[in-house]
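Consider the two complexes below, in which chain A is the common component and chain B and chain C are the respective partners.
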Partner chain A sequence: MRQKFLTGISGILIALLIGAVIMASQGYDPFSTYLALFQYSLFSLYSFATTVKNSTPLILTGLSASIAFASGVVNLGQPGQLVMGALLATLAGLYIHLPPALEIPLLILAAMLGGVLWSGLAAFLRRAFNMSEFIVTLMLNMIADFFTTWVISFPLWDPKAFSPMTPQMDQAGWLPDIGDFSTVIFFMLLATAISWFIFNRWKAGYEWRMGGQNSLFARLGGCNVERNYVAVMLITGALAGLAGGLVVMGGPHRFIKGLGANYAWDGIMIAIVANNGLVATLLYGIFFSAIQTGALGMELITNVPSEISQVLQAVLVLVIVAGREYLNTLLDQIQTRRRARERTI
Partner chain B sequence: MDDLIRFSHLVKVYPPNVLALDDVSASFRQGEIHAVVGENGAGKTTLMKVFYGLVPRSAGEIFYRDQPVNFHQPGEAIAQGIGMVHQEILLIPEYTVWQNIILGIEPMGWFGRLDEKKARKQVQAKINEFQFNLDPDARVGEISVSARQKVEIIKLLYRNVSVLILDEPTAVLTPQEIPQLFAELGRLRDNGHTILFISHRLDEVLELSDRITVMRRGKMVATVEASTTDKVELARMMVGRDVIFTSRRQQSQPGQVVFEANHLSYKDNEGRERLKDINLQVRAGEIVGVAGVEGNGQFELVNTLIGLTAPTLGRITVSGNDLTHAPILERRRFISFVPQDRGKMGASLVASILENSIMTHHRLDERFSIWKGLLLNDAFARQFTDRLESQFSVSMASKFNPFRSLSGGNQQKVILGRELLLSSPFILLDQPTRGLDVGSIEYVHQLVLQMRAEGRAVLIISADLEELFLIADRIVVLYRGQIVANMPVETTSVEQVGYYMLEGRGETV
Partner chain C sequence: MRVLTGLILGMISGATPILLAALGGAFTYYAGVFNIAMEGMMLMAAFFAVLGSFYLHSWLAGLFLAIVGSLLLALIFILFAVVLHTDEFITGIALNLFALGATIYMLRQIFKVKGAFNDPGIIAIPALHIPGLETIPWLGQILSGQNLVVYLALLATLISAYCVFRTRFGLRLRAAGYNPACLDTSGVPTARIRIQSLLVCGVLCGLAGAYLSLGYVRMFVENMSAGRGWISLAAVILVNGNPWGIAIISLVFGFFDGLGLFLQSYNIAPQFTAMVPYLATLVALYFYSMRQRKKVT
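Our next item is the complex of A and B:
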């Protein structure tokens, strides 16, 4: 645990250092750039609240990927599941009118249902025809993308708008702000806590983890590997769908073109950086969001282009992942060498 | 005495902690057929891979023509005239024989075009030179396995290799094809080639080779002249010089039949009969040992019993329950199972010791459940692991450490403890002492005998005859998927069982 924390922190520091060198080589002052970056993302209450809110879709899709990968399920369908969740939440918000106390939970459930339908389709294809979810979920991403674009361009198009988008949904389904903080954050944290609890405390979670680490061991131990597979597909679909729903409910309150942005792919990347750890996904999610959020402010007060944040992200991923793998092989090598020396003396 | 190849104190540790070669020194002369024999896992293949540059060595030196060498990849070895034929054959099925042979060093004609005529002629010349029975124009996908193996050999000879390493070349051949291969290898030797040949079939080794090196558990045991030894001596060296035949078994009367397999048969996807009409009973308080050279159906037997593969025919019952088609969890109510490969089947190496200890129990034991089985009872799981630790004297720093941090012996104790605490009537042990040190082996044997005293039925599969004679009440021999012998241990001998293992039910010794 402490070792993970240390490698994470040192990875971040090394990555920031490399980023500084890159900026300096371009003629920018790295110190003031970083200062601006973090001023607009972490160092004031409002900017921190924005960062956490922006991290919501990253963290939820990241959790989805982390749980799937740690259970040995290659669900790469978070982008599709996210937009399907967003679409179903929008539909429910457009056509069902209830007081907020009922409307909001209903929309949340609709969003999760959208993701579940999409991941469930992939799970079904795997169970019925033994089609690899790896390729199926990727392909379903395309279908979801074009399907939702069609829905907002034709049947649900808002005639008052210039670009494809739906009308705004019932105000009862809008997620309010409390002070500087959006209540989106509350749902994100709740989902994270529940996921952690299921994954680490439930019997099912135990079987998922064992199955992900060594599926033959789990199978021989009497775990129902097939049922676990379906359960993981459905729950990770629900998480990605929830991400989409929260984006709609906390933001534009309608489905606009390009709503899914790059959230889900960033989420998958965060899962990889976090080595499929759920708490680590939460922390890295906030950190990556800080860089993305701060980049816009940084562009305002320095002349460094906001694209530098993408460079930083890439460096972070490489340094943290490569550093971790290298540390593991290094430890193995040291042990191997010690053992070999024992035998030769 | 001119040694062509000399290994000096070779050590190979597979990370993090598996000692595959333990201080191996050996030498090979020019122009001999030199067999390396040993049980599976003895380190034969690793030794050759280290020499050939497929696997880096951890310590030690290799001399070739009196020069120290360290090949980093097979290409470097081939350049020096050393070639290896692997167990799995790696050829392009769509290409013809000659195309496969020249692949990588094609003779070029004008403008860098392949000179097909010349290539084909060169290949034909090689085939004629060594009198191989092979058609250069046949498509590799359409020729027999033995012919493909010849292609691999010619491929190396075409590269002017003078040292040939063959990894279990007869494993893929039918008995009728073996003499032809041997004749060809003999001709190669007479031509001055050196042949290193890995095998565990002692008859072949004695027939073909000039000298024989025996390995056991990663160590070199001895190198002997083939003309001065025999099968019995080789077998004894393979299983260990210090064979202790003092059984610690107490006499006991076995109870009623617990485990029964009737007419159990299994055909694999390619229609090969891997198990043929297996009939086997194990009684309460009885240990039955399954002997056999590896690859004679042990793997398939274990898989059908535990439910990884379905038998084509037959019935499996434990304590009167028909488990032939039962799901694995249902079987686990009646069968404790210790697999031969701890890391692949018996445990998750990265999970904690606790997580590994509670597997299967978490499903079968009510006390692991709270909230109607939704939640895992963490407190009870900890208590359970503590009990396992003390009852089976596992030495561990903390039950929350990863399983891989334990030594092999302690890993096996956790797995054995977990399985034995299931208190199922039937215990299936697949090579339970493989890769363990002497002390741990002793402990495992004691535990198995204790289970027998408690009236459980034990089926133990082992490649180690010494072990079976030490603890089993009855020994059955698997040979080519069939049980060829089923004898009380008092009425037989290592030599006799060894004979059945190698020859099936032939004439008596």
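Our next item is the complex of A and C:
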């Protein structure tokens, strides 16, 4: 645990240092840039609340990817599942009118259903025709992207808008703010807690993890590997769909063009950085969100383009992951050497 | 006849970037590197091609810089995946996102625009008119007058097929993927072969990217590789890396790419026509999986 923490922190520091070098080479002052970056994302209650709210889609897609990868399922379909979840939540919000106490849970379920449908399609293609989910989910991402763009450009287009978007949904489905904090955060934390519990404490989660670490062992131990595969696909799809639904319900309250942004790919990166640990996904999700959220404020003060946050993220991922794996090989080497020395004595 | 000509021309221009990137992917596939960074390499190359062509006023400089840009990513891949032993899949995903972020950042920093950069100062890669072929009726307009990169792609297919199956380098390349321990014990470091395969992949993806921004269209658009790297990865996997198979399958994808553009004139929503190549990939994967299953049983 301490070693994990140490590699994480040192990785972040090295990555920030590389980022500073990049900025300095462009003629910006790295110190004041980082100060502005974190001022606008962590150092006040309001900005911290915004950071946590913005981290919701990152963390949920990150959880989705973590659970999938740790279970040996290569579900890379989070981008598609996210927009399908957002689309179904928007549809339900547009056509079903209920009091908020019923409407909000309904929309949440609709969002999860959207993700489940899209990941279920990939799971079906795998089970029925043995088509690798790796390529299938990637292709389904593109198809979902085009499909949702079509829906908001033609059948559900809001004639009052200038760019493709749907009309606003029923106010009953809007997630309110409590003080500075959006209630989106509550749903995100709830989903994280439930996923953590299922994955780390339940029998099903144990079977999934065993399947990911050693599928043969899981099979010999009596796990139904095929059923577990489908279950993981559906659950991870639901998480990614939920991310999309929460983006709509807590933000623009409608499906606007480019809604999915890069959330899901960032989420996948976060899962990788977190080494598929669920708590680590939560923490790194907030950290990545701090960089993205602070970047906009940073641009206002320092003239450094906010796009540098994307470069910074990729550097973070590479440095942290490479540092971790390199350290592990190094520790292995030291241990082997020590053992060899003990034997010679 | 004009429709047919248009479809064939569309097929060729759609197939070229996929063919080049997939050939690059084939080299790493044979070397046993799970390389999914083609998407990022192509995107980076597309940006550098515009950069070189615009500032140095020559398409040759654009082509050269495109290869440099793509090689830059290949070098980072080598550093992390081969030297530091980071997971190849992770490195690939991080590099793709790095390329996306870096090109958007540089687009803003260097050209001061967001979204797309389009300027008459960008010099496109010229078409090549072959004197003898041009006179053949009908066939002439397909065989001659294509973009220079199209002919380079054709050449690259021939060279790749020869290189992989007929040379010592090709034998070592395949050994690096098939049995790395055996290659190492026979005195050829696997890591060196893998590095070479990644460099070749970088050059080919550089050509593919240059074709995207200086041939297919003459501008740079954010995320303009648009999943072509993924499609070329699918193409490599579908034919197990065979260059001839890649050429055929790229033409099939190119056909559907062209068909998508063609269908737009028939009042079908552009979003559906744009889906066609990705659906075609799924269908191809279906046939591949069924064939694999038959082999097993």
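Following the convention adopted for this analysis, the second predicted complex is superposed on the first by the 337 of 345 C-alpha atoms of A that agree within 3 Å, B and C clash if a C-alpha of one lies under 4 Å from a C-alpha of the other, contacts with A are read in each partner's own complex, and residues count from 1 in each chain.
Keep in mind that, in the parts below, contacts are C-beta pairs under 8 Å (C-beta built on N, C-alpha and C of every residue); 3 or more make two chains touch, one makes a residue touch a chain.
Note that the structure is predicted; figures quoted are calculated from it, not measured.
Trainee: Touch test for A:V317: chain B only (first), chain C only (second), both, or neither?
Mentor: So A:V317 only meets chain C here.
Trainee: Kindly classify A:M139 by the partners it touches after superposition: chain B alone (first), chain C alone (second), both, or neither?
Mentor: The second partner, chain C, only.
Trainee: Once the shared chain is lined up, is A:F129 touching chain B (first), chain C (second), both, or neither of them?
Mentor: Touch status of A:F129: second partner only.
Trainee: Can you tell me whether chain B or chain C touches more residues on chain A?
Mentor: More residues of chain A are touched by C.
Trainee: What is the contact status of A:E325 with respect to chain B (first) and chain C (second): first, second, both, or neither?
Mentor: In the superposition, A:E325 contacts chain C only.
Trainee: Please indicate which partner A:P159 is in contact with in the superposed arrangement: first for chain B, second for chain C, both, or neither.
Mentor: It touches nothing on chain B or chain C.
Trainee: So in the superposed three-chain picture, is A:I272 touching just chain B, just chain C, both, or none of them (first/second/both/neither)?
Mentor: After superposition on chain A, A:I272 lies in contact with chain C alone.
Trainee: Who does A:G221 touch here: chain B (first), chain C (second), both, or neither?
Mentor: First partner only, chain B.
Trainee: For A:R337, decide between first (touching chain B), second (touching chain C), both and neither.
Mentor: The first partner, chain B, only.
Trainee: Using the superposition on A, tell me which residues of chain A are in contact with chain B and, in the other complex, with chain C.
Mentor: On chain A, the residues that contact chain B in one structure and chain C in the other are 329.
Trainee: Mind listing the chain A positions that touch chain C in their complex?
Mentor: Interface residues on the chain A side: 26, 125, 129-132, 135-136, 138-139, 142-143, 146-147, 149-150, 153-154, 262, 265-266, 268-269, 272, 305, 307-311, 313-315, 317-318, 321-322, 325-326, 329.
Trainee: Where on chain A does chain B make contact in their complex?
Mentor: Those residues of chain A that touch chain B are 201-204, 206-207, 209-210, 213-214, 216-224, 329, 331-333, 335-337, 339-341, 343-344.
Trainee: Name, in rising order, each residue of chain B that touches chain A in their complex.
Mentor: 9, 11-17, 19, 22-23, 58-60, 306, 308, 328-329, 332, 337, 339, 343-351, 355, 359-360, 362-364, 368-369, 373-376, 378
Trainee: Under the touch definition given earlier, write down the residues of chain C that touch chain A in their complex.
Mentor: Those in contact with chain A are residues 76, 80, 84-87, 90-91, 93-95, 97-98, 100-102, 104-105, 108-109, 227, 230, 233-234, 237, 269, 271-272, 274-275, 278-279, 281-282, 285-286, 289-290, 292-293.
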